[in-house]
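What follows are several structures.
Look at the two complexes coming up: chain A is in both, with chain B in one and chain C in the other.
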Partner chain A sequence: MLLAQAGFGRGDKVHTALSEDLIGGVILSPKDERRDRLEECVSELRADYGDASIMVDPQFYVTTVSVPRDGRLPEYDYYADHAPLSRTQFSPKQIGRYVSACLGYQNAVPGLSYILSPSVLFDDFRDSWSQIALNMAEASIDYHAGLGNAPPLLITVVTSELALRNATGMGEFLDALSGLEVDGFYLLVNRSSSSYQAALDTRAMENLMYFVHVLAHLNEYQVVVGYSDWIGFLLHAAGASATATGWHQSLRQFSMARFEPADGGRRPRKRYSSTPLLSNPLIVPELEDIYGADRLSDVLSGSPHDSILRGGPAVGEARWTDEIGCLAHWAAVGRAIDRIEAQRRPAAKLNTAVQLIDAARSLYDRLLSRGVNFDPQTGPDHLASWRDSVSAFRHTAGI
Partner chain B sequence: MKVKSTESITARRFPFTEEEMADAFERLLKAGRTLRGVGRFSRVFREVDCHRGRPDFVALAHGTTRFLAGRSVTVKFAGSLVMSFLHERAPRSLAYLCEHSGLSMRTVESAMDELVERKYVLRAESGSCLLNPSRPLRQVRVWAFELKLDKPRRAVFQAQQYRSFAQGVLIVVPPEQLALYDKFKLAIRRWGIGLASFNPLTEEFIVTRPPRIGRPHSRHHQAYALFQLLGNDGT
Partner chain C sequence: MPFPNLTAQQVQQAVPDAAGIVFLDKGGQKIVFSCTINGKPYALKILQPRLRPLMREQSGDVGADPISIDDVTARAQREVATMKQCDTPHLVKIGPIEMRTIQIDGEDLLCFSEELIDGRPLNKLLTQSGPLSPAEVIELGQNIATAIDALWRQRKIHRDVKPGNIMRRQAGGFVLLDLGLVFDLNDESYSVGPVGTQVYFSPEQMDFANRRQVLDFRSDLFSLGITMYQMATGIHPFAANASSSWDVLNNIRNLQPQRPHQVKSEIPEALSDIIMRLLGKRPSLRFRSIRKLQQAFADAAGEGGE
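Right after this comes the complex of A and B.
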């Protein structure tokens, strides 16, 4: 299932995507929503879309950022009463207070499908922050058990690409997580680069797939991976039950830079999300070049909005609004995930993932042979990295 | 180990830097002479951000600069976007502009107020808007130049972007670099991008592949680039 990773400028995107069946739910962002507006949104969505998975990422990990860009978070008591926090402020008693405030708030918002635990970021599976994360997980489970009729709990794990690259201690950490009596996990991976990169480090991706596989397949937890964008289909192949992506690049991959001071960026260039290419080429010049090479239909994802670009991407670009781009992105990423979810066995899911990657690679080759010029960020280098990760993961997991 | 800078590597391969090449090329463009295969220019601008990249030079063909007699616009992005939906004879309502541009009504209204005030747009009695025929964008002929010592893939990619707002696009490289562009001849031909060699030491300029002059691919970016030039002091 694909979820919307919400952020600034939500507008009607989530409502429209749910009504068009492009997403299965949403993970809301308190940083970007007034408290009353967020609660109103949950209530509206629950009333209009009874089956939707609706969650709120409490973003408690922002409390450890020394000079945070925390937007609306100070409007939420569970954050305002505690932030900022240093490493010395996580005694068992203090953790108990953070957990009760955070879970208590979510439990009081009617309509949520899951409650997400507070957590902190760690860069090493054996450092003190990872131990704090485990302590917060255990405290959350204890508190949740006393809530009675509360929605099921997902334990938040916020690790990093760096930790996954050098996965010393990952096995022990997974052992600790596997012993928790909980419905599942909400997993975030802090990327090494704050600018968008389609692929994680090959080794980190392999370990992330293994992490998901151990929790989802071997221990039968629900695993929701936030900010996963295109790599979502690989994580579904490894067993994830849901992945999420949003409309800005900063909602498509997780980076703590989103919560740190920054200058205003320039307006992003418009992109088209292509399921056949498993990437987002620029509408101009890349998609226009593909159109000029008479190969546009090969890369279109089949979303209803494609008609805007069929007569020429450069001509249609002005009508390709941010909202349309977002809906088309969910449609494209969701299509790849649907292909994986149509399979039952883990091996079949992985085979399908490899087929999608190989087909994309072959399409890139055909386009390159026609002289289509791609920016390095668009591809196709990410495909080889993904394929290597899948092969290594299959070997490790014995699938 | 001492790390060599890009500049020192470039300097070793070429007896001049990209900056020196650009300075020499600027003198050539501003000399007021007709350049074979390109023509003569009235105004030359260096490194103007045109939203679709920042060409080393943007130049306006001789006799096509009337548009630049207008006043500068502050709402460049929204203003150019709504202008791209307007025509000289078919009026468009604000609701139409709002729906198709993805901009909020507030943004459309404020952009339109400024464009009407600066006479780029006319407002009909019904409140709908039209392009002012006495300020035609199509009258301006924009050339974009990308100078590169190396990195031909990057040069082609940038030149492709410039076709959004320019009628003519030319990649200018040192003579010995021309052969590197054979690999990109399909894309260059498809986009009508021109290729020229320029030697800053001798100031010899030769157009080896003339650009195909055609309408800019995006009315939005054409208008944006011109709004950028309006507030610019180019010579």
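Right after this comes the complex of A and C.
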């Protein structure tokens, strides 16, 4: 299942995507929503889409950023009453207070499908932050057990590409997580680069797949991976129950930079989300070049909005609004995930993932041979990295 | 101090409410007799307490004050308490004599009675009759998983699941015996080093210093996996080609044994898969709940294990 990772400027995108069945639900962002609007949004979505998965990422991990760019978060008591926090402010008693405020708030918002626990970021599976994260998880489970008819709990785990690349202690950490009596996990991976990169470090991706596999496939937890974008199809192949992506590049991969002071940025160039390429080529010049090479239909994802570009991407670019770009992106990423989810057995899911990667690689080769040039960010390099990660993961997991 | 050689007659005099006492077995610090109490058959366990009380610092727990009793007595008390707490036909039950001190030849000994199982231990069964059928192995798994679950509901871990501690009842079904090494996560530790039978250790059981952090019921599941592998194939998965106990422990940590159905083709793949899951090198690779394991057993039974 694909979820919308909400951020600033939600507009009607989530409603539209739910009505068009492009997404299965949404993860809302308190940083980007007034408290009353967030609660209204949950209520409206629940009324209109009874089956949608609706969650709020409490973003408690922002409390440890020394000078945070925390937007609307100070409007939420569970955040405002405690932030900022240092490493010494996580005694069992203090953790109990953070947990009760955070879970208590979510439990009081009617219509949520899950409650997400508060957590902190750690860069090493054996450091003191990871132990704090485990303590917060256990405290959340204890508190949640006393809530009676509350929505099920997902334990938030905020790790990093750095931790996954090294992976020392990941086994012990998984042993601890898999001993928890809880419905599942909400997993975030802080990327090493704050600018968008389609692929994680190859080893980190292998370990992330293994992490998801152990929790989701072997231990049968719900595993929701936030900010996963295109790698979502690989995580579904490893067993994830849902992955999420949003409308800005900053909502398509998780970086704590999103919560730190920023210099501002320029408006991003318009891109098209291509399921066959498993990437987002620029509408001008890349998609235009593909059109010029008479291969446009090869890269289109089959979204209803493709017609805007069929007469020539450069001509259609002006009508390719941000909202259309977002809906088309969800449609494209969702199609790759649907291909994986159509398979039942783990090996078949992974075979399908490899087929998608190989088909994308072949398509890139054909386009390159026809003189289409790609920006390094849009080129095929991520595919080789993904392929290597899948192979290594299969070897480790014995699938 | 060696355990005294007790005769049935001496025990009869020391435990007058038991009758028909017959020697059954002798271990390191215990001797077991069969008897009848109020006309029903029971096993009578007699243990020799140590002279010195256990210090908490010896056990690795915080503090250095004495636990006031020696470790044998403390373990026996835990064994009796555990038998009283757990109500399943797959764990041996306490008998009418719960715990008492008896004197034989001027020496203080501990004594309690427990259910006398009419059956054979699996280690003898394997030697005498060979491996169990796949359906029997599934039943063994189901029964012992129930026993492990009953212990874990009390936050306890058996730590010595092995064929020698499992009896097959004459009337059918399997029973887990000998709760003397039970580890209680809610209570003090009485051990000063790794306990259990090394060739049935889980990988994390070797990490004695961190036992409170690393041990849970999934450690017993690993030992159950070894037991099931052995009872299904006739071969110990980690000891078959080992020349020393170090080799076995190294194999437990690192060796991926041949899958059971590759050793013996009659074993269904579904059962083979369960055994291999139980033998996962890390707890997170096994089953996270007994309920999920029991479901896997039920599925395997439905796929031809029975």
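Assume the second predicted complex is superposed on the first by the 399 of 399 C-alpha atoms of A that agree within 3 Å, B and C clash if a C-alpha of one lies under 4 Å from a C-alpha of the other, contacts with A are read in each partner's own complex, and residues count from 1 in each chain.
Everything that follows uses one rule, which is that a residue touches a chain if its C-beta (ideal position, glycine included) is under 8 Å from a C-beta of that chain, and two chains touch if they have at least 3 such contacts.
Only a predicted model underlies this, so the values are computations on that prediction, with no experimental measurement involved.
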item: Which superposed partner A:Gly171 touches (first chain B, second chain C, both, neither); value: second
item: Contacts of A:Gly179 with chain B and chain C, given as first, second, both or neither; value: second
item: First, second, both or neither for A:Leu208, with chain B first and chain C second; value: neither
item: Touched partner set for A:Met55, first chain B, second chain C, both or neither; value: neither
item: Chain B versus chain C as contact partner of A:Asn219, first or second or both or neither; value: second
item: Which superposed partner A:Asn373 touches (first chain B, second chain C, both, neither); value: first
item: Chain B versus chain C as contact partner of A:Leu18, first or second or both or neither; value: neither
item: Touching partner for A:Ala293 - first (chain B), second (chain C), both, neither; value: first
item: Most chain A residues touched (candidates chain B, chain C); value: B
item: Chain A-facing residues of chain C, complex; value: 204, 214, 216, 218, 277, 282-285, 288, 292
item: Chain A residues touching chain C - in the complex, by the definition given at the top; value: 171-172, 174-175, 177-179, 214-215, 218-221
item: Interfacial residue positions of chain A with respect to chain B in the complex; value: 267, 284-285, 288-289, 292-293, 314-315, 317-319, 321-324, 370-373, 375
item: Chain A partner contacts - residues on chain B that touch it in the complex; value: 51-52, 77, 81, 84-85, 100-102, 153, 156-157, 160-161, 163-164, 184-187, 190-191, 217-220
